[in-house]
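What follows is a set of structures to go through.
Common to both upcoming complexes is chain A, partnered first by chain B, then by chain C.
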Partner chain A sequence: MGAPPLISVRDLSVGFTGRTGATVPVLRGVDMAVCRGQSLGIVGESGSGKSTVALAAMGYLKRGLRRLSGEVCFDGADMFARTRLELEAIRGGQLGLIPQNSGQSLTPTLRIGRQITEALRLHCKMPEAEHEARVLDLLAQVRLPDPEVIMRRFPHELSGGQQQRVAIAMALAGEPDALLLDEPTTGLDVTTQAHILELLRDLAAERNMAMVYVSHDLGVIARVCEEVMVMYAGEVVLQGPVRQVLQDPVHPYARGLLASIPRLGERHLPVALEGRPPAPGEAGQGCAFAPRCGLAIDQCRELAPPMAPDGAGNLVRCYRHQDVGGLDAARQGSLPRRCDKRSGAALDLGAVAICYTAQGWLERMLGHAAPVLTVEGISIAIRQGETVGLVGESGSGKSTILKTVAGLLPPVAGKISLCDKPLPVRVEQRAPDQLRRVQLVFQNPDESLNPRHSVADILAQPLRLYYGLKGAELYQRSVEILETVRLGAHYMDRLPGQLSGGEKQRVAIARAFAAEPEVVLCDEITSALDVSVQAAMLELLNEFKRLKGTTYVFVSHDLAVVRALSDRVAVLYQGRLCEIGPVEAVYGPRSHPYTEVLLNAVLEPDPDVAPKLMAADVVELSPPAMGCPFQRRCPRKLADICDQKTPPWREFEGGHGIRCHLPPEDL
Partner chain B sequence: MISMLIRRLLLGVVTVWIVSVIIFAGVEMLPGDACTAFLERDAKGEMLAHCREAQGLNQPPVERYLSWAAGAIQGDFGTSMSGDQSISEMVGLRVKLSLMLAMGALIGGVPLAIFLGVVTGIWRDRPLDVFLSTGAIFAMTIPEFISATILILIFSIWLGWVPGIVITPADAPVLDFFPEFILPIVVLGMVMTAHIMRMVRTSVIEVMASDYVQMATLKGVPFRQIVFRHVLPNALLPAINVVALTVAWLLGGVVVVEMVFNYPGLGRMMVDAISDRDLPVVQAIAMIVATTYVCVNLTADVMTMILNPRLRTLYMRAK
Partner chain C sequence: MSDMAAPGIPRTGRLRRMGTVLRDMAASPSGAIGLTLVVAHLVMALISPWIVPYDYKVMDSGMVLSGPTGAHWLGTDEFGRDIFSRVLMGGREALLVTGIATPLAMLWGGMMGILLGLAGGRLDEVMMRVVDAFLSLPWILKLLVLVMTFGNGMMVIIPTLGFFYGIPVIRVARAATHDVVARDFVSAARARGHGRFGIIKRELLPNVLDTMMVEGAMRWSWMLLAFSSLSFLGFGVSPPTPDWGLMISESRVYMPLSPWGVLGPMVALSSLIIGINLSADALAKAMGIDRARKAVV
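Moving on to the complex of A and B:
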């Protein structure tokens, strides 16, 4: 550690002017130092200020924010004191950024080639004629197939993983000494995420760069960082080597965060972290975490603890860090409720096939070929009280199937029945009672709740529609339902904008349960939420299952979440079923090659567990015309048979089925 | 992409056809007919019979619609009630004059509006933006006849720079209208500029706050290059449709402004035809305005499609 740090942040406070005119701090006294060749991870829940720190390292603050105190140095000089010209030279040059959502961070009207060339022209002294070759070189370096083709594409013509790679190539164009990564893999499939992280690790080692990773995903941090900083309410609460922080964190918040992450290998539901973080400016004079802390004593509430070494290599902001170990005993995740194997049928999908693009009369007249089916041959029988998880990468048709069950997207073939009675395919043809019995909860509560309806209005809709309640009775029932999702009557008058992400999703779940449904369709309902909130949602769903015996169809790209809640799991690839069976069997040793690929790519929040990357990370827009849908990416592909013949179902004990040509003993 | 074009074109044709049926049926449903309306008290005996003969009103409505529509397709809208002039000729003259007014307002107004919209959008909430945006709201909300009157008062009565009223007859060569057309163009241009400017401003603000502009800033792209390369192409796309609507509005004849300045454009002709109860002329103008709207909107949609890579691939893929 002889060399001075490349990026150093000292006592940085950032804030904005609130409505009352008072200054509201977003960051409070943050210190950070990263040297060449080092990688630092910043973790925390949304609103903890982690992205603000990363952007501040570039001397950039979002509109409305301003620096209150402290300094941010890059290469020895304060970024906020530099002139615009100096900043333009550093940003994208020595200091590169890989943004959170690269799909939205690439200019939609410019071709990929031009966007990368722009960075080259600004930051590299090389003749114009060499630019194209260099762009191709960079695209190849981030392992994009067909760089010549990609170069001429527009951003929206690429998949999420490809866009992320382009963003990395663009950051590398300036030959940076340091890279800032703001949630570089959030929103990507597990397989793509694992590939991108491996790429970043290799690049960092190759070029001896300093890296700052911002992520809420501890699995990502475990994979790529040596040092971790945990942030809470705009403060750093714990900093230390990755192994220490992730395996035995000495701060109660970090411990709670870690416990709230579902693990692939565990049967228990994760433990939710109670309460919510303070809004900016809300934190009082004591420790910001004290209201949610199981160890808090009077001292914690009166005087904020200082950052102090714990003697084992960590810096921690807690008076009671020595007693943190005792917290674990009190926390034990509840077991998911299992369904009764003899219960009757709830939802039955029979050979459902779905197609998004309907062929118009003009296309038919012009002789265009019929479009490929998005989803084909899905047959799943779900028992009452059972939870079936649907997993697969994006584009695997998981959400499409839910839409069809909800009646929003009529299938082109197959039938759906509810409790042994056929269910009309279109939502308009369903009787009110049929509508009531199937409810859908969407991924993003920001979009699924009407921002101008109060919580009372939102809950009143199903109650009025299905039960004809009004007046005092309606209010009474609404409050009851609100209490089942652990929100009180005082939430009734609030608008969705006044709720946190977790509270919004609770309201959305409450709305679905207000109808007393038999089947609840959950479309990625936890993926927009922080892990701690996600754990609380899973507990809530499990409780409804216990009390009411609700049947769930649970769609998620997160295999650990699906494992935590489901009785059975169905694995989908390109809208085709690859494997279905009880959780233990599917997550067990015998599985479809695709399931194996997915499971191996999952990142665990443990630096000692490395993902195994098998299948090539190629994007397929449509399944092959014949043979096994997974043929092009399968690491265990047999000869021609996989290309030509649709694989057979191989049945194993316990209703475990795998669709593969491999002989049963090899699976 | 081709199939999409064909589809839109067919849809446009169908729209114009439906409009023609509605216009024809509407006129047909009025009590009396074109001749009784036009002749008023004289509508009796030989005069009425003669008029009906001349206008072909003795045939059944369906037949009349067909021959009217067939004529309209070839640009022949029959003869007017007063003076038995060819309607196409009369209207053609006025269309030319309206077009001149519209072109003048567009050539001056659109670039100015885009420039002001970008400037106010980029430096939002600064004094310049507050000043210009407030001005735009005034320009949009003050009725045209008031702004026209004020301009006449200032520029032709007090300063005496330009004439305040048009006295050149409609059939004079186009250039004879200079400098009479300056004030009408300024009045129209003001309203139009204000509308487009506010639209562009909103759109620029939205794009400036986007992730890709933040990314460009953090990539070290100089400010001017961010504006021209990253902001403008994206911010101007939604403006195309607003410009199209304005163009259609201008071409459709701007009755009030034409009345105030006594400008012999399409709008005034329409008003005259209505007060003369010259129904064939009213029909013809209504058809021309409807067709203009359809064409201009179609052009705008196709342009948006060509300039927006996202839509372009969408339709390419649909092919």
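Moving on to the complex of A and C:
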């Protein structure tokens, strides 16, 4: 650390004026320094202020926020003292920003080439004639195939991963000394994410840039950063080298956060952090984490601890950091997982095929070929009390299958039966009892709860519909159900807007369980939540399973989450089953090439585990007309057979099936 | 939700919500100004006949086209009538007509829009093209044709305004319905097996109504303008009843001599319309609706 830091933030506090007129702090005394060639990761849950720090490093604060104290220096000069013109020259020039959702930050009506040229025109003094060559060079640098073709495309013609690469190319156009990355891979598929991160690592090394990488995902941070800063309630609580922070964090919050992440290598539920972080301005005079901390003593509640070195290279904001090691031992015991297997199929899908684009009468008359089926040949028999995970990348049809089971999207072929009785395909044709026995929980509770309904109204709906409850009885039952999801009667008259993300999802789960269902369909129910909240949801689902023997169909793109909860896993690619079997077998050594690709791309919150990139991150819009659906990306494709014949099911012990042409001994 | 009045359940009723919405509206300066203007106009329309200093139809041939004086605050018109008194009373007809026609427009337009939005498919497409075709005609032309065909009594003007101004409402209601129907909570209700009516009543209406309220306020101000224009053209209120549009029309010839006969009603009409618009903006904000996105047409 010989050279002065390129980006330095000293004692920065940022706040806004609340409704009562009082100043509410969002960031409190944040210090940060990043040198050229260094990469710093900022982690924390939503609302911890991590993005605010990154944007403040650009001299930018979101509307309504203002600086209360401290300074932000870039290249030795205070960013907040600079004029607008100076800032404009720095932003996008020396200091590049790569936002979370690049698809939205690209102008939809301009070709990619034009957009990058504009960045060049603003920040590079080079003759117009050289622009095109430079654009091609930049696109090649971010490893986009066929730069000449990509240049003439519009943003919507690119996949999410390609859009993110274009955003990186645009940031590189200004020859930046530092890059700020605000969750740049969140929302991308695991394989795409792994590819983008490799690219960023290479670029940072090649160009000796400083990087500030904001993410909620510790696996991502482990991959690209050397130094990590953990934020909680607007404060930095722990800072240190990535290996130290991720393998043996000395702050209780960081430790809890790490324990709440499901691991690919282990098959048990993560441990949830109790409580929730304080809202801005709520933190009292003591340590902000004290109310949730298992180690808190009176001193913690009275006086906020200062940031102090722990002697092992970390800076930590905790009085009791020497005792954190004791926290885990107390928790390991609370992990047993029970899943009783009873016989009998709760839900049986027989060769289900689904097609989104129905053919109109005009197309049929004109003799157009029938469209390729979105989902085809899905046969899964789910036993009572079993949890089946459906995994796959976006577009693999996993959510589509759930919608079909729920009766919202009728299949074009195939049968569904519930407890050995055929289930009508449309929700309107189902008997009330059949409706009650299958319940669906959605990904985003903001969307699935009506914003105008109070919690009481929300819970009353299934209770009134299926059980005809009313009056005092209805109220009684609603409160009981709320208590099973660990919310109390005082939540009854709240509107969804007055609940936190986790509380909302609890209400959504409570609504599903109010029907006393036999099968619960979970559609990515934890992916919109923070990891610590996710862990709590998984615990909740597991508890319902233990108490009521509920059968789950659990859809997720997160392989570690699926492993933690499921008994069996089905892997889908392009709406076709690739592999199905018990968790241990699917995650074991013998698997379909696609499963292998997925598993290898998963990022673990451990800097010593590197992902292996086996297949190109190409997004295919529709499956090939014949042969194996995965043929175009398969690293182990057989030359003559994979694109000709649909692969056969290869059966192994324990009901493990793999659909592949490769001989069983090679799988 | 009648059976929700169980012991211990506080009602999160519409009334309580309207209270908070009103408070939020009044909290912003522009909302407060808007609400004050609208309320002042409504009160004036109710009580003006009893408080005006002069009878609106009494002429004074000795005092024609005078400027503002201590006796006549806004001067007198070409017949020597007190302009101030006439301005105070000039909104009564317009407010009465639009006060009936606006709910009419919201009701039929809203119902059509929600039904079309729910029906979707070809019927929806065809109907929307009809609506588009209708909207592409100049509104004043449409109004004039009807008023000239059926006469210009209240019994014609009110349904006519209600009909025409319901058409853009169809659009807004349909768009809002489409937005809400695509959301997961509607799918959730369908998957639970609620009936169609239940879904419309519980899931859809509460979310569409907010947009409709804001749209209603906007339509009201447009309708006021349209009614005043009709009066201006001689198809609305008949003399000597005071009406802003009619007053502007009658006095504009004398503008070079005395501008007060035009200025008075103009300020009154525009202050009402500005007041409604400001209130509509504040309403949208208080309800959390993005007006810029919704208010098309």
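Just so it is clear, the second predicted complex is superposed on the first by the 653 of 667 C-alpha atoms of A that agree within 3 Å, B and C clash if a C-alpha of one lies under 4 Å from a C-alpha of the other, contacts with A are read in each partner's own complex, and residues count from 1 in each chain.
Definition applied: a residue touches a chain if its C-beta (ideal position, glycine included) is under 8 Å from a C-beta of that chain, and two chains touch if they have at least 3 such contacts.
All values derive from a computational prediction rather than experimental measurement.
When both complexes are superposed on chain A, chain B and chain C end up clashing with one another.
In the superposition on chain A, contact of A:R63 is made with chain B only, not with chain C. By the document's definition of touching, of the two partners only chain B reaches A:T107; chain C does not. Contact with neither chain B nor chain C is seen for A:P278 once the two complexes are overlaid on the shared chain. Shared-chain residue A:G350: touches no atom of chain B or chain C. In the overlay built on the shared chain, the residue A:A89 is in contact with chain B alone; chain C does not reach it.
In the superposed pair of complexes, A:H453 makes contact with chain C only, with no contact to chain B.
Of the two partner chains, chain B is the only one that A:G174 touches; chain C does not reach it. Once chain A of one complex is fitted onto chain A of the other, the partner contacts of A:F154 are limited to chain B, with no touch recorded for chain C. Overlaying the two complexes on chain A leaves one chain C stretch of 55-63, 127-135 or 199-207 clashing with chain B, which is 127-135.
By the touch criterion given at the top, residues 1, 3-4, 6-10, 12, 183-185, 187-194, 202-203, 206-207 of chain C touch chain A in their complex. Partner chain A is touched in their complex by these residues of chain B: 3, 6-7, 209-212, 214-223, 225, 229-230, 233-234, 307-310, 313, 318-319. Chain A contributes residues 403, 406-408, 427, 430, 432, 435-436, 438-440, 442-444, 447-454, 456-457, 460-462, 464-465, 470-472, 474-475, 489, 492-493, 495, 511, 515 to its touches with chain C in the complex. Residue ranges on chain A touching chain B, taken from their complex, read 55, 58, 60, 63, 84, 87-93, 97, 99-101, 104-110, 118-119, 122-123, 154, 156-157, 167, 170, 174, 357, 360, 362-363, 366, 368.
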